[in-house]
Amino acid sequence: MEERRYRSASGAPIALRRRQHSASCRELAVRCPRLQLRSLSAVTSAVWLAAYGLFVLSENSMVLSAAIFITLIGLIVYLHFVKIDQESLLVIGSLGIQVTSSYASGKESTTFIEMGQVKDVVINEAIHMTPFKYWKAAIRSPNSLLFSRLNNPNCLSLSS
Amino acid sequence: MRRGRGAAEAAVAGPGPRVPGRPSPPPPPPRPGEMEPVPGRRWQKVLYERQPFPDNYVDQRFLEELRKNVHARRYRYRAVVFQSGAVVQQLCSVCVFVVTWWYMDAGTLSPQELFAAALVSSLLGYILFDAVDGGAGRRESGRTRWADLKSTLVFTAFTYGFSPVLKTLTESISTDTIYAMSALMLLGHLIFFDYGANAAIVSSTLSLNMAIFASVCLASRLPRSLHAFVVVTFAMQIFALWPMLQKKLKAQTPRCYVGVTVLFALAALAGLATVSSVGAVLFASLLLAISCLCPYCLIRLQLLKDNIHGPWDEAEIKEDLSRFLM
Amino acid sequence: MGRRREAPRERRRPAVMAPCGSPGRSGPGMAAGGPAGGAHSVCMVSDFFYPNMGGVESHVYQLSQCLIERGHKVLVVTHAYGRRKGVRYLTNGLKVYYLPLKVMYNQSTATTLFHSLPLLRYIFVRERVTVVHAHSSFSAMAHDALFHAKTMGLRTVFTDHSLFGFADVSSVLTNKLLTVSLCDTNHIICVSYTSKENTVLRAALDPRIVSVIPNAVDPTDFTPDPTRRDDSTITIVVVSRLVYRKGIDLLSGIIPELCQKYPELHFLVGGEGPKRIVLEEVRERYQLHDRVRLLGALEHQDVRNVLVQGHIFLNTSLTEAFCMAIVEAASCGLQVVSTRVGGIPEVLPENLIILCEPSVKSLCDGLEKAIAQLRSGTLPSPETVHNKVKTFYTWRNVAERTEKVYDRVADEVVLPMDKRLNRLMSHCGPVTGCIFALFAVLNFLFLAFLRWMTPDSVIDVAIDATGPKGAWTKQYFGRKKGGVKEELPSS
Amino acid sequence: MGRASGERRCREYCSSKIVAMVLKVFFPSCCSSAESGILIGRWISEQNSAVILAVVHFPFIPVQVKQYLSEVQRVTKVSVSVLGSWSNSKQEKEESLSEFLEDLGTIFSHEPWIQISKEGDSKFWSCSTLQKHCNNPKEEEIILVYYDQRKVMLSHLHPPLDTATSTDHKADDASKLSAIFDTVAKSKVLFMTDRYDDGPIKLTHWQSDGVEASIIVELMKQASVPACMLLTFLVSLVSGICRSRVLTFWPLSFLWSKLSTCEQLGHRLQHLQVISSNKKAQTQTQLMRKANIFVSLLIDVALGILLMSWLYRKNRIGHLADTLIPMADHVAEELQDLLQWLMGAPAGLKMNRALDQVLGRFFLYHIHLWISYIHLMSPFIEMILWYVGLSACLGLTVALCILSDIIALLTFHIYCFYVYGARLYCLKIYGLSSLWRLFRGKKWNVLRQRVDSCSYDLDQLFIGTLLFTILLFLLPTTALYYLVFTLLRLLVVIVQGLIHLLVDLIDSLPLYSIILRLCRSYRLAAGVKFRVLEQRDGKPLRLLMQINPLSYGSVVQTYRLPTYSCYPKDSWASLCKKLFLGELIYPWKHKGEKQD
C-alpha cells in the first residue's frame, strides 16, 4: 500500500495508490484532486455576473432565476456525469479485472471482465487535439474495448 | 549560401543547347578532401552500381542535358495581324448587333426593314457561301439544300411561335439586370469564341449559346413581339451564319477576307458613331490596339522567352492516338 | 488494409533479419560507433503512408525499418486514413501517428502553415526528435513539418520523390513554394541524378547539399518463378496506376498494333485508374477480351504473382524520378521495355532494359525486339537476372547512406531566426520571401505562445518502443519472444 | 483485432505471473451462520473453483447423503457432490473435531478436500485444502467469494451485446461466471424443498417460501390456459376475417396499406397471437418478450379507456365536431389568402405575372372544390367522430392512429397542391439541367454514366437555348409555389410523424423489463462486481460478489419490441436533395420525417 504523486497530461496533480490485498489480488487507484471550491465559485460567479448583466439590459427577473437553475443543474450534471474523482483497477488473480470509476457525486460505475475474456492489455496514446491522453484498454472481445482513462503513463508502466 | 544562390541562378540561366564543359559556377572545381573524385575512375550517371564518390558529389557533367527554349517559335508580324482579323470581326459583329438593337429599341428602325435587310443579306451570304469554293465544301459535307431550308423553317417557326412569350418573359425584371446579363453574355461569347487557337477554354457551342441568350434577353425588352422575333433572327444570322461565311472566306480568299474585315469594321464604327461618338472613338482605338499593337508586343516578348527543358520534363505524346478508337 | 499490409512484413521479418546480422552492420552498438556519435531519433513526416499504397509509402516504411535495425529511433507521422487514426505500432515497434488533419486533395492535407503546429510540436517534444525527415514534395504536411521543425530549431532533411516541369503556371507556383520550403533545409535527398538536377533547378539550391540515394526494392519480395509463366504464349505485363502520367494512352495504341501482328501475344494489365476506360474501349473495339486481361487494383503482395506470369514487362511512363516497377520486374526476371524518360536510364544497365522513345512506334519496335530475343532464346535466364538485380538496390544500403546524411546534418547548425529570415528574403525573391518571412515570425510567436501554454517540462516523454532497445522489448519481447511471434499474426 | 495488432502488447503483471490457478470458493452468504457440517456443491475443475450450494449438518448418515445427492443430481443435471467440511465452532475448536473432519474426507473422497472453519464469530475464517494423492501438499492460495444465493439464482446474466452477437466467440460466452450462475440456477429444486418436511438430512441454504405462497400463482397458471384458448380462437377468427378475399382485392388493400389505423390494428393482432399462443416460452428472452407485450397492451388499453371516459363525458365529441369543421374552413381560407398573396408580387419577388395568374387560379379553384366538399360532409362529422371514438377502447395507439388518419384526410388538399407543385418543379429542374448541359455543349452519356462533350446541330442549339432561357426565367415562379406548398406539406408530415412516434413509443417500450429493473434490479444482471472485504494476513482473501444490474439504456435496447413503422431510410442530406429535385415525399413511407 504505497502512494505516489504524478502530474497528469494537463499538468494537474494526480495520485496513484497501489495496494496489495493478497499475493494474487492488487488494486491500482488513480485519484484526481477533488473539485476546488475556488474554481466552482469562479464559474458560478461568472455565470451570475453574466445573468445580472442580462438582467440589467432586459428588466426581466426571469433571467436571474434561470441563471440559478442553470448553475444548479449544470453543477449536478457535472458532478454526476463528468467529474471523475477516482478510477481504480482491481486485478484479482485468475478471476478477472475490475475497473471502477467513481464520480464526484459518489456514483460508481463498475465493469468486471473475467480473466478468460481478457485477450490482451494494451497501453496506447490517443491524439486529442493537443494533449495526449493515455488509455488502458483491456480487450475483451475483438471488437469491444473497455477504456479507462488513466492520465499518466508511468503508473501503467509500473503496473505492467 | 551565396554560392548556392549563384549556383541556382547559373543553373536556371545556364547556357543553352550543349555547352561545352560545365555550366558556369554551380559545380565548381571540387573541393579537395570534400569530394575528391578517385583518380582513374570516371563518375558515370548510373544508380545501379556503387561508385567511390560521396552521395552529394557534383560532377562536371551535372546539368549537361539542360536545354532551353526548345519549342520557342518566331512569328512574322503580318501573319499575326492577319490572324488578329478574326477577333476584330467578332468584336464588330457584337457591336453591330448592339447598335441594331439600339435602333429598334429607339424605334428608328422598324422591324420590317431590318427583316428585309437581314433576309437579303443572308440570301447573298448563302449564295456567296457556295460560290466561294464552288460548292466543294457542300459536296464533301453532303448537306442538301432541303436540309438548309428545313432548319431555316425551324428557326423562323420557333422564333415566331415563342416571340410573344419572349416579350412577356422578363417584364418583371428590371432593365438594368437584363442589360448587365446580356453584356456579360456577349463578353462570354467573345471569350469562348473559336478564333482558331486550340486552347482549353475555346468552345464554339458555348459562345454561340451565350450570344443567343443575350439576344433573347435583349429582345424581351423590345416593345412588340414582332421586334423580338426579328431581333432574334438577326442575332442568329450575325452570330451563327456570318462566322461560318468568314471562315470560308479566310480559307479560300485571304485577300478579300481582309477587305471584308476592314469594310465590316468601318461599318460597325459608322453605326456606333451615330449612337455615340465617344464610344466610336474608344471602339476604334480598341480595334487598332488588337490588330496592330498586340502582335507587336507578342513578337517583342517572344525574344525574352526563357524556358528550361531536360530529361525530367513530362514527355508529351506526339501522334494522334484517337485513331485507335475510331 | 493496413493489416494486410503489415502481414507480409511480419512473415518476412526473419528473412530481413538474417542479412542484417552480417558482421558489424547492425545493432545499436555500430550506430553508436557512427561518426556523429549516438543514434538519431528521426521523425518521418509524409502525407503518404500505409494504408495508402505507392512508392513513397513503401520507401518510408522500409527505410524506417532498416534504420530501426541500425539502432535509431524512428517514428512516422501522417494524417488519419478513415477509421485508421490515433497512434499505431507496426513491426519492430515502429510508431505511427495518424493525425486528425483534413485531407484536401488526393491524400494531401490542406495546409494553413499553422494549424498543425500544436500537434507536431507536441510530438517532436515528447518523442525527443532530433532529425525531421520529410518526404515527397506533394505532401503539404511534409512542408508544414519542415517549417515548424526549423522554427523549433530541429535538423531537417527532405526527400524528393518526384519530377516537375517548368512550363506551366501550376509548376511555377509549386516550384516557388518548394524554393521557400527548401532554402533553409539542412539537406535534401533525391532518388536519382535526374531528380537531383530537377530539384536543384526548381528550388535553386546548392547542388552540394543534395544527395542522391536511390530507392530500393526488397529482392526477397520479387523472386522469379519460371514455372508460373506459360511458354506457349508471350505475355506482356503492365503494372501501374492507369493515369495519364503513366502513359496509358500509349499503351492503348500499342495493344492493337502488336496484337494484330502477333497472334500469340497476351497482355496482363494490373492497376486501377481513370484511364482504365480507354483500355476497355480498345479491348472492345478490337475484340481482345481473351488476350488483354485487366486485373484492377493489386495488393502489394499480389504484384509479384502477376509479374512472374509474364515474359516482358512494359513501362510506358511519361515521367519518372526513379521507376521502382521496372526494378521489381527485372528482379522477377522479366525483360523490361521502358520509355526513356526521367531517371529511368540510370536505373538498370543496358543489357537488362530496352529503352524507347515515348511514342507508340518506338515502343512497338522495342517490344518486337524483346519478342525476337525471347523467341531466339537469347534472353538471360530469370535466375541470373534476379541474382544480378538483387545486388543493385537494397534497403540496407539506402539506410546506411541516409544515416550518413543524418550524421552530416547532426554536425551542421540550424539557422537561428534572424539568419533564417535573411535567408528567406534573400533567397526566395522579394515578395514571396517577405511574405514567408512574416509567416515564419508568426509561426515563431505561435510557438512561443504554445510553450507558454504548456511548457515542454509538462509534456511527458513517450515510452520508446522502437527497435532492440525499446522500452517494451526489454521487459516483454526479451522474456517471451515466442509468445509475441505467434501472437502478432493471430491477432 | 487488426486494430490492436500493431499496438504495444503488455501483459498484466499478475496474469503473466499466475501459473498455478488460485482456488476459488464461492460461498453462499446465508450459510455463514450454519452449524458445522459438510459442504455440498459443484466442483468446476477447469476453473479450479468450487461453488458451495448448501451445508449438511451433523448428524447424518453418509449413505443417505450420497443417495440424496445422486437424486438431486438426477433432477437438476448438476454434478452436485460433497466438496469439503464446514466447522462453525462457537467455542475454541478441539482437535478431535478437526481430525473427524479430516477423515470425513476419506469417506467422501473429493479432490481437493476443502476445509472451511470459522472460530467464534470472527469474520476471518481459516480455509485449507487437502490433496491426498499428490504427495507434496503445496500451499495454494484460496479466495473466498461470498454470494447471495437467492439473487444469483434469480438473476439472468446478460452477456455483453457485441460478444452475444459475434458468433465466432461462443467459447468466450461459456465463461466461468455464467457457469456459476447456471449452476446455482439449476439447483433451484434444492432450495424449493419444503422447510418443514423432516428428511433424514438437514440442509442450510437459502430457503424459498415453500409452496404455499405460490398457490395463487398456481391457480392463475391453471386459469390462464382456457383464457388463452379462448383468446386464440377469437384472434384466429378476426385474422381469418381480415384475410378473407373480399377485403384483399385491389382498391381496398391499397387503402388498408395507406391507413395507419389498419396497420396498427394488425400489429396489435400479432401481439395478441403471441400472448395467447399456449406453448411455453423456452428462453428467458421469449418470456420477457411475452411479458413486455402483455404489459404494454394492458397499459395501452387502460390509457385508451381513460381517453374514452374523458371523451364521452358531457358531450365533448359534439364540441370537437363543432370546432373541427370551422377549423377546416379556416385553414382553407388561410390558404386562399396565401394564394392571393402569391398571385401578387410576394416579397417583391420577380415572378412572371402570366404564369403566376394561371397557377394561382388553378389552386384557388381547387380550394373552392375542397370547401364545398367539407360543407357537404359537415352534418355527418359528429356521428363519425362518435363511432370513431369508440375505437379508443382498443387502445390509445389505435385512437392516435385514427387521429393521424383524420388529419391526413382533412389536409388532403394541401397534399394535392404539394404534388402538383412538386411535379411542375421537378419537370423544370430536369429540363433545365439537361438544357444547361446542351448550353455548355455537353450531353449526358447514359452508358458511361458521365458527361461527354458533343457537337449539336445549329437548330438544336438554337431551340435548346431558346427553351433554356424561357425555363430559366419562369423557374422562380414555380419554385416559389413549390416552396410554399412543400413547407405546408412538411408541417403536416411533422405532426403526423410526432403522433406516430408516440404510437411507436407505446408499442415498443419494454415496460415489464423496466419495472423489473426498477424493483428487482438483480434480476437483470449485466455482470458482477467484487468488493474486497477487509482481511488479515494468513487468512484467505475474502471477496463479496455483488450483481451488477443492467443499465436502463441496455435494458431498453435489449428488450425493445419491434415496430411496424418504417423510418425514413434516407439521411438529412438525401432528404434535402429530394426536396431540391422536387421528388415526392410520402407520409406513409416516411413516418416521422423529422425524427432522425
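Going in written order, the chains are labelled A, B, C and D, and every chain counts its residues from 1.
By definition in this document, contacts are C-beta pairs under 8 Å (C-beta built on N, C-alpha and C of every residue); 3 or more make two chains touch, one makes a residue touch a chain.
None of the values given here were measured: they were computed from a predicted structure.
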Most central chain, Cα average position: C
Remotest chain, subunit A as reference, centres from CA atoms: B
Distance between the centres, which are taken as Cα means, of subunit D and subunit C, whole angstrom: 52
Gap in Å, rounded to a whole number, between the CA centres of subunit D and subunit A: 30
Centre distance in Å when subunit A and subunit C are each reduced to the mean of their C-alpha atoms: 43
Whole-Å gap between the CA centroids of subunit A and subunit B: 69
Touching two or more other chains - residue numbers and ranges from subunit D: 1, 4, 7-11
Junction residues of subunit C, two or more chains touched: 87, 475, 487, 491
Multi-partner residues of subunit A (at least 2 other chains): 119-120, 124, 160
Subunit D-touching residues of subunit B, taken from the complex the two chains share: 151, 154-155, 158-159, 162, 165-166, 168-173, 203-206, 208-209, 212-213, 216-217, 232, 236, 240
Residues of subunit B that touch subunit C when the two form their complex: 1, 3-5, 7-9, 11-12, 26-27, 35, 45-50, 54-56, 58, 62-63, 65-66, 307-319, 321, 324-325
Of all residues in subunit D, those that touch subunit A in their complex: 1, 4, 7-15, 18, 21-22, 24, 48, 141, 143, 160, 162-163, 166, 169, 172, 175-177, 527-530, 532, 535, 540-541, 543, 548
Residue ranges of subunit C in contact with subunit B within the complex: 163-167, 183, 187, 192-195, 197-198, 200-201, 203-214, 245, 247, 249-250, 252-253, 256, 278, 281-282, 285, 318-319, 321-322, 339, 341-343, 345-349, 358-361, 392-393, 397, 401, 404-405, 423, 426-427
Of subunit D, residues touching subunit B in the complex: 345, 350-354, 438-441, 455-459, 461-466, 468-470, 473-474
